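Consider the two complexes below, in which chain A is the common component and chain B and chain C are the respective partners.
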Partner chain A sequence: MLWIGLLGIPLVGALVVLLLSERAAKVGAAVVAALEIGVFAALLGGAAPSLNLAWIPAWGVRLHFAADGLALFLLGLTAVMTLVAICASKASYGRAYFFWILFMEFASMGLFGAVDLFLFYIFWEAVLIPIFFLLTGWSGEKGRAAGLKWLIMNLFGSLFMLIGVVAVAVIHNQTTGSLSFEISQLTNLPVSSFAAPWLFGVFALAFAIKAPLWPFHGWMPDAYGEAPAPVTALLAGVLSKAGVFGFLRVMLPIFGAELHAYRTGLMIWVAVSLVYGALMALRQTDMKMVSAYASLSHLSMIALGIFSLTAAGILGATFLMVAHGLMVGSLFLILGVVEERLGGREFNGLMGLNRGAPRLATYFLFFALATLGLPGLPGFAGEYMIMQGLVVHAVGFAVVAGVVLIVAAWYMVRLFQGIMQGRPDHPAVADVNVGQVAWLVPLAILVAVIGVWPAGITGHAVPSLYHAVHFAVAQGGIN
Partner chain B sequence: MQYLLPEILVAGSALLGLLAMVVVPKVRGLASWVVLVGFLAAGVDAATMWNVTPSLIVYNSMAIDKYGITVTELVLLAGISTILLAWNAEHFGEEFPVLVALSVLGMMGLGGATSLMPVFLGIELLSLPLYILAASRHTPEGGEAALKYLLLGAFSSGILLFGMALLYGATSTLIFVAYPGIASHAQVWLLWPGLGLVVVGIAFKLAIVPFHMWVPDVYEGSPTPVTNLMAFGTKVGAAIILLRILAFGFYGQAGAWGLLLGYLAVLTMIVGNLLALPQTNLKRLLGYSGIGHAGFLLVGIATHNIQGAQAMMFYLLPYGLAAIGVFAVIRLLEQGQDGDRGVILSDLQGMAYQRPWLATVLIVGMLSFAGIPLTGGFVGKFFLMQAALFANRPGFAVGIVVGTLVGLAAYLRPLQAMFQRDGVSERVRTMRWSAAGVMVVAVAVVGTIGIGVYPAPLVHIVSQSANFYWLKGG
Partner chain C sequence: MQGLTEILILPLIGAVTIGAFKSVAPRRLAGIWATVLVLASFVFAVVADLHLAGLTAGHREITVTLFNWVTGFGPPIAWNLYLDPLSGIWLLIITGVGGLIHLYANGYMADDPDQGRFFGYFNLFIFSMLLLVLAGNLLILLIGWGLVGLASYLLIGFWYQRPSAVRAAKKALVMNTVGDVGILIGLALLYVRYHAVTYSALFGAFSHASPGSPFFGWVAILLYIGAMAKSAQFPLSGWLVDAMEGPTPVSALIHAATMVTAGVYLMARLYPLLRLAPGVAYAVAAIGTFTAIYAASAAFFQQDIKKVLAYSTLSQLGYMFLGVGVGAYTAGVFHFMTHAFFKACLFLAAGSVIHGLGGEQDIGQMGGLYKKMPWTMVSFLAATLAISGIPPFAGFYSKEAILGQAFNSGHDLLWMVGVITAGMTSFYMFRLFFLTFFGTPRNTDLYQHAHEAPAVMTVPVIALGVLSVIGGFFGPWLNHWLRPAFTAYPGAPHAALESGPTVGTVLAVGLAVVAFVVAYALYIRRAVPARAGIERWPGRWMLAAYGLDTGWRDVAVVPLMAAGTWVRRQLDRGILTAVVGVANGIWLWAEDLRPIQSGYVRRYALSIMVGLAVVLAYSLMKA
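The block that comes next holds the complex of A and B.
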């Protein structure tokens, strides 16, 4: 029942919003998103429910959703960030904008909840569509090109992954005689040694493009840059998690042995991505781009935790996914406010905005510190767990990650200094207004709570991750 | 004989429509009504025959089976949408619906054909009215389209007929469902050229690369409802008869033709979609996209397994629904300023803001063409990919992916054009909704999303209808 609410509310709500007047659309969308948070709260309270219905019997495809520890808080992240993004959007965007935002919430909920591979794929592509239209219809001059790039690059990965999805089911069919896309049944497949790297590759490619990880981030600067701030927040905060989530949800059960076999190579790749993102963030003069590359670097950190194939690393990655979603999403929203005040995104030298807007500067500083991993805030807890996982088997990668954390502090402080501190001769800008405080304060409280009490999330996540990690360990024979 | 009632109803409605034109010439649009009622009655009657035990009739030349019934329903959908799109378009002439009915009759005949004779008759009956219909706007472009179509159509018919003659020489029967028993000891030097020429003849109708040259000009020059019939109905007719001939008549020789057709399919998918990329005229774009989709259909035949046959039959409906939806949008735009002048991409400017419902139809249709989930087009491509991998042909699957990717940009350009903010084109401003047009787009949108969200019933139907192995016994 809860699942029907979780998926039905944003979908039906999106259609209802289409019928409202242009003015009322924002309020209507906010109500729908608030209801969705209510459903999520009910989900938190009770036992993890699942929905399991026959969908296409001939192919063994089932409508199977589950809120296990891996997905639970990503569902919550989606619900929270959608509401905040709606609140931070201009009402003048009109009802079609809010329709797509709510449709994206529906698709993300389905993506994080799906435990049937076919279903996962449906939602995997369905999340592409709202972003495409939001970029096409409601973004800057180059938005149309950015939308095209986003869709084509992502579909490039996805469509090859579709071959993988079908192939996995067909191989399963050859051994059992029945078609099934249930991820938990697709383990221990007798994939031939010729096909295994190819199948592993198509999945990894699709996930790496969606995240994005270097060198598959070609769409990222354009899409993050051109989209309106709330959409960028959803892209970086929620959808980017889909990529790394895919590694955990799909790759770990199906390709556990391959993950172990290619572990070193994968870790080298994401370590390069980690360093690349940090260095690129350091040399940007566009404030949105600093955050964009910082986000790429953080996602690489999450991937590094996953590829460590240790309980601590994967747990840290799961935690950091949620924390990073909240932090980087908020950061993009605040940058949106700054951009609106300044009328541009370039920061050259020191602009000294904190004279005119001290409260804005404070919120900005809070989320910047959270992002750079200050102890006591959630970035630290996640990164600590990942480092712990790395130290056991791969000290070299732990050193790289440690150095990048220092660079992270550097680029975040540089961003803050560049915008907020310095000479006072910049024209005064208005401070945050009541409407913005209304979503900034709850976000800040949420981040602080997760930061001081990470067990609230990890405690839920451990049981389901235990199986995943145990499985990977059994496959690879590592402790 | 009662099994031929759907055909009789359609033929009867054509004759009655003709009669009505002569007897009561004052009542305009009467022929359209007569044919529409005939189509609907035939559709209902064919549906009631669903559970009839399959059998061969007319000296083993026609089959009554679920395959034929499914085809009948598909081509009737094409016919009904064509009639509705041309509703009240008096300048097309009163004979328009009658010719549509005859063409649909030819397509229905192809669905049941088990002998080369009804195959040829069906293809000619399908084509001849289309030659006339292509010119029904009485403009130079229409005449050019009709002439091109006629010349190439006649050429391909000649090839087809020659191939059939060779097959008859090799096997001394026209009943191709009897070939599996004969073909292995038939005269090879007649059999293979014969089969090759028959496939080429049908490939012209299906628009397989390299036999696709006529498509864009003919699609562009013909009136939109006629293009709709060509894109949906002709494709259904040609694809299903190719499947029946190859998958049953030449079952044993699949090793030879399977891979060859697969190469053609991959070539067609990629070339068709590649050529669609630079098009600015929407009908030309759909013409090239139709070529690409013919390639997808061909994959289902080339895999030569039961999943392939099912997937091909499945694919026809989402393709057809998306096509009638997009053609209806074009038709509705044509009802504004500038009339029948071709709709180009810049005519779509501002549509997303000014005409959101019309834009929705185009979005759904194009996303289904592109194979995006939650639309029928995705399930069709998924089904085909499954068939390719079951046949252990990953190359076909890669071909599907590459073809889809290439086509993607072509389908997204019209969508992006709609979101252009600077101004609204005159055509969008002056377009008028019509009741008939609304009906067509409603069916197209609901059907496309319905199949995408809950494909199980259609999967069940095609799994029953693509099973024509009962013929082996008879």
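The block that comes next holds the complex of A and C.
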């Protein structure tokens, strides 16, 4: 039942919003998103239920959703960030905008909940559509180009992934005689040594493009830059997690042996991505690009935790996905407020907005500190667990990650100081208004609570993650 | 709970309430509220220490576990609080000296329109520092460690409209992050081996280990990097001098009395680990000694009253590390305590001077102020005698204990450098004292308007001045008090205070007196101006601290920025261009196919892919 609510509310809600007047759409969408948070709360309270119905019997495809420890808090992240993004959006965007936002919520919920590989693929494709329309319809002048880049690059990846999906099921059929896309049954496949790297590669490519990880981030600068701040917040906060989530949901059970075999190479790749993002973030003069490349760097950190194939690393990655979603989503929303006040995204030198907007500066600093991994806030907890995983048998990577943490402190402080501090050379800007405080304060409290008590999430996530981790251990990962 | 949570929570309440209500509450209220809370925390700290004293010597520790911090990948890591005699001393200094500095700041910041923010940050700092020393495991320590770095960042950049303050704050945060990362990796390595990060579990395990394995060496180095960054040991020292951009009470509290001694605390806390890594222990002592003489010489030509004190802080921290590094743990902690007294006194007195001169910090503009500020002058003199190691002032006893034990333990070279540094300390401190308070006023206009600070400022200064006089007599008591902490685990056979050779004492005090006479002759008799010697080598070089900042810029900042520019200009542009090229290609291809097919790129591509999938599947099944 909960799953029907979780998927049905945003989908039906999206359609209802289309019927509302242009002016009522924002309120209507917010009500739908709030209901969705209610359903999530019920999910959190009770035993995690699953929905398992036959869908296409001929292919063995099932409508199978589950809120296991891996997915549970990503569902919550989606629910929270969608409501916040709606609150932070302009009512004048109109009902079509809010329709697509709610549709994206529906698609993301399905994506994070699907445990049937075919279903996963359907939702993987479904999330492309709302972003495409939001980019082309409500963005800056380069929005259309950004939308096309987003669509083409992601389609490029996911169409190859489709080959993989079909191939995996066929191989499974070949060995067991039954056709199934159930991820938990697709383990230990006897993939030939010729096909294995190719199959692994098509999935990895799709996931790397969606995250994005270097060098597959070609769509990112335009999309993050041109989209309205709430859409960027959802892209960077929620959808970017789909990419790294794929490694955990799909790769770990199906390609555990390959992950183990290619581990060093994969870690070198994401370590390059990690450093690359940090260096790029250090030299940007467009405030959204600092945050965009910082996000690229953090996603690489998450991937590094996964590829460490240790319990701590995988748990840290799971935790950091949720924490990063909240932190970087909030940061993009705040940058949206700043952009609106300034009328541009360039920052250079010290612009001194603090004088007119001290409270905006305070929230900005809080989320910047959370993002740079200040001990006591959730970024630190996630990074600690990933480090804990890395030192087990990849101390060199831990050192690289450590250096990147230092650079992260540098670029985040540079961003904050550049915008907020110094002597203002232009008229004072307005501070945050009541409507903005209404979503900033709950977000800040949520981030602080998760930072002080990460066990609240890790304790919940562990029982079902244990399966994944146990599998990684069985494949040769240690600890 | 024995009040541990109360000690912690009071300043946190202050930080939160001031942050929330500073715009609606009366402006002066924030300072009073913040001070009351810190003093209340001091009372709880005294009660907790008394409780600790009541326990039997073998079990003198209080542990509190609040709730789990993280679980899931091994044994949980919890919010452990831990009080033993070592952290007990730090508690008293943080809340006691911290309370006095809070009181003083009520006067110093009275005219600042933003004082609510100041006191909010100040209480946040006290909370963070208390968390650091009350932590029962390395992870919670690291959280406190990071938060004091944050408070330091916020307070250095308090006057955010000054570009120099903003730069100094950034530098402090980044350099401190270097240390955070060191501790992070170090504790992660310990967790892998011992599945715990609590002190009791780790030290218990260390007791059975034998020294010399590379594992302990690496872990000790990583944790020492954390201590270096926080305590501004060479070469991570540049940020502390720039940190003087913050309001003077900040310099007194954070950048002299408490936060910068966190590294000393960590090294003293980790004495069972240093036993296992004797090489690192020697490095701690050697780098400390080098920092001491390096900073003392850099102080010779400084023109800014606060920068002289900043370099003297660096130098004294070097002594503390020398003590800890040679195993003289009690002596190191003793010097931390006396230093908190006399250095806080010096900074607050300097703050009174700056306040009385309307913000002037250049000692070239001062002189003759003893007539205008007698109380400040007397307190400053007491603290100057203390830092110069003149008996019977506080610094004499603690410095002697460190040097004596350096000699006893056979570190002749370090001992010698330490003795020479003692003489240098006396010289630059009396140079500062004479230039500030004696001689003829060099800026008559400023001199005319100079005035003694209000009572709310002079009372804490005098109190700290008195402590600078008598602080040395606490030695035997401290020795007794700390014994259980340093005998709980093997590794500190010479932790107790020892006296060194008489010749050493005579030498150190003699040098200090000679340096005093030289300073007197130069700056009073011959009235040498403050700026003498800074035009030429070596004065110019020493003024710039031997170009350490330039070195860091050339070694770290410039290459990193250049790498960032190169990545951005060359690599990222290439990737983005390639993407556009591929996208355009696909788009054109799709456009070409439009007349033939239904025209939707997606459906067409999909059919290709399905076709490929079928082919692949077929070949796999055949294989």
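Methods note: the second predicted complex is superposed on the first by the 476 of 479 C-alpha atoms of A that agree within 3 Å, B and C clash if a C-alpha of one lies under 4 Å from a C-alpha of the other, contacts with A are read in each partner's own complex, and residues count from 1 in each chain.
The rule is simple: contacts are C-beta pairs under 8 Å (C-beta built on N, C-alpha and C of every residue); 3 or more make two chains touch, one makes a residue touch a chain.
Predicted, not measured: the structure shown is a model, and the values here were computed from it.
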Contacts of A:A167 with chain B and chain C, given as first, second, both or neither: both
First, second, both or neither for A:G137, with chain B first and chain C second: first
First, second, both or neither for A:I122, with chain B first and chain C second: first
First (chain B), second (chain C), both or neither touched by A:A91: neither
Touching partner for A:A398 - first (chain B), second (chain C), both, neither: second
Touching partner for A:P57 - first (chain B), second (chain C), both, neither: first
Partner chain in contact with A:A409 - chain B first, chain C second, else both or neither: second
Partner chain(s) touched by A:L155 [first = chain B, second = chain C, both, neither]: both
First, second, both or neither for A:L205, with chain B first and chain C second: neither
Partner with the higher number of touched chain A residues, chain C or chain B: C
Overlapping contact positions on chain A, where the chain C interface meets the chain B interface: 148, 152, 155-156, 159-160, 162-163, 166-167, 170
Chain B residues touching chain A - in the complex, by the definition given at the top: 352, 356, 367, 372-374, 378, 381-382, 385-386, 389-390, 394, 397-398, 401, 404-405, 408-409, 412, 415-416, 419, 454-456, 459-460, 463
Footprint of chain C on chain A - complex, ascending: 148-149, 152-153, 155-156, 159-160, 162-163, 166-167, 170-171, 174, 192, 195, 214-215, 217-219, 221, 276, 279-280, 282-284, 310-312, 315-316, 350, 352, 354-355, 362, 369, 374-376, 380-381, 383-385, 387-392, 395, 398-399, 402-403, 405-407, 409-410, 413-414, 417, 420-423, 452-455, 458-459, 461-462, 465, 469, 479
In the complex with chain A, residue positions of chain C that touch it: 19, 67-74, 76, 139, 142-147, 150, 153, 157, 160-161, 163, 166, 169-170, 173-174, 177-178, 180-182, 184-185, 188-189, 191-192, 560-561, 563-565, 567-568, 571-572, 575-576, 578-580, 582-583, 586-587, 601-602, 605-606, 608-610, 612-614, 616-617, 620-621, 623
Contacting residues of chain A [partner chain B, same complex]: 54-59, 96, 118, 121-123, 125-126, 128-129, 132-133, 136-137, 144, 147-148, 151-152, 155-156, 159-160, 162-163, 166-167, 169-170
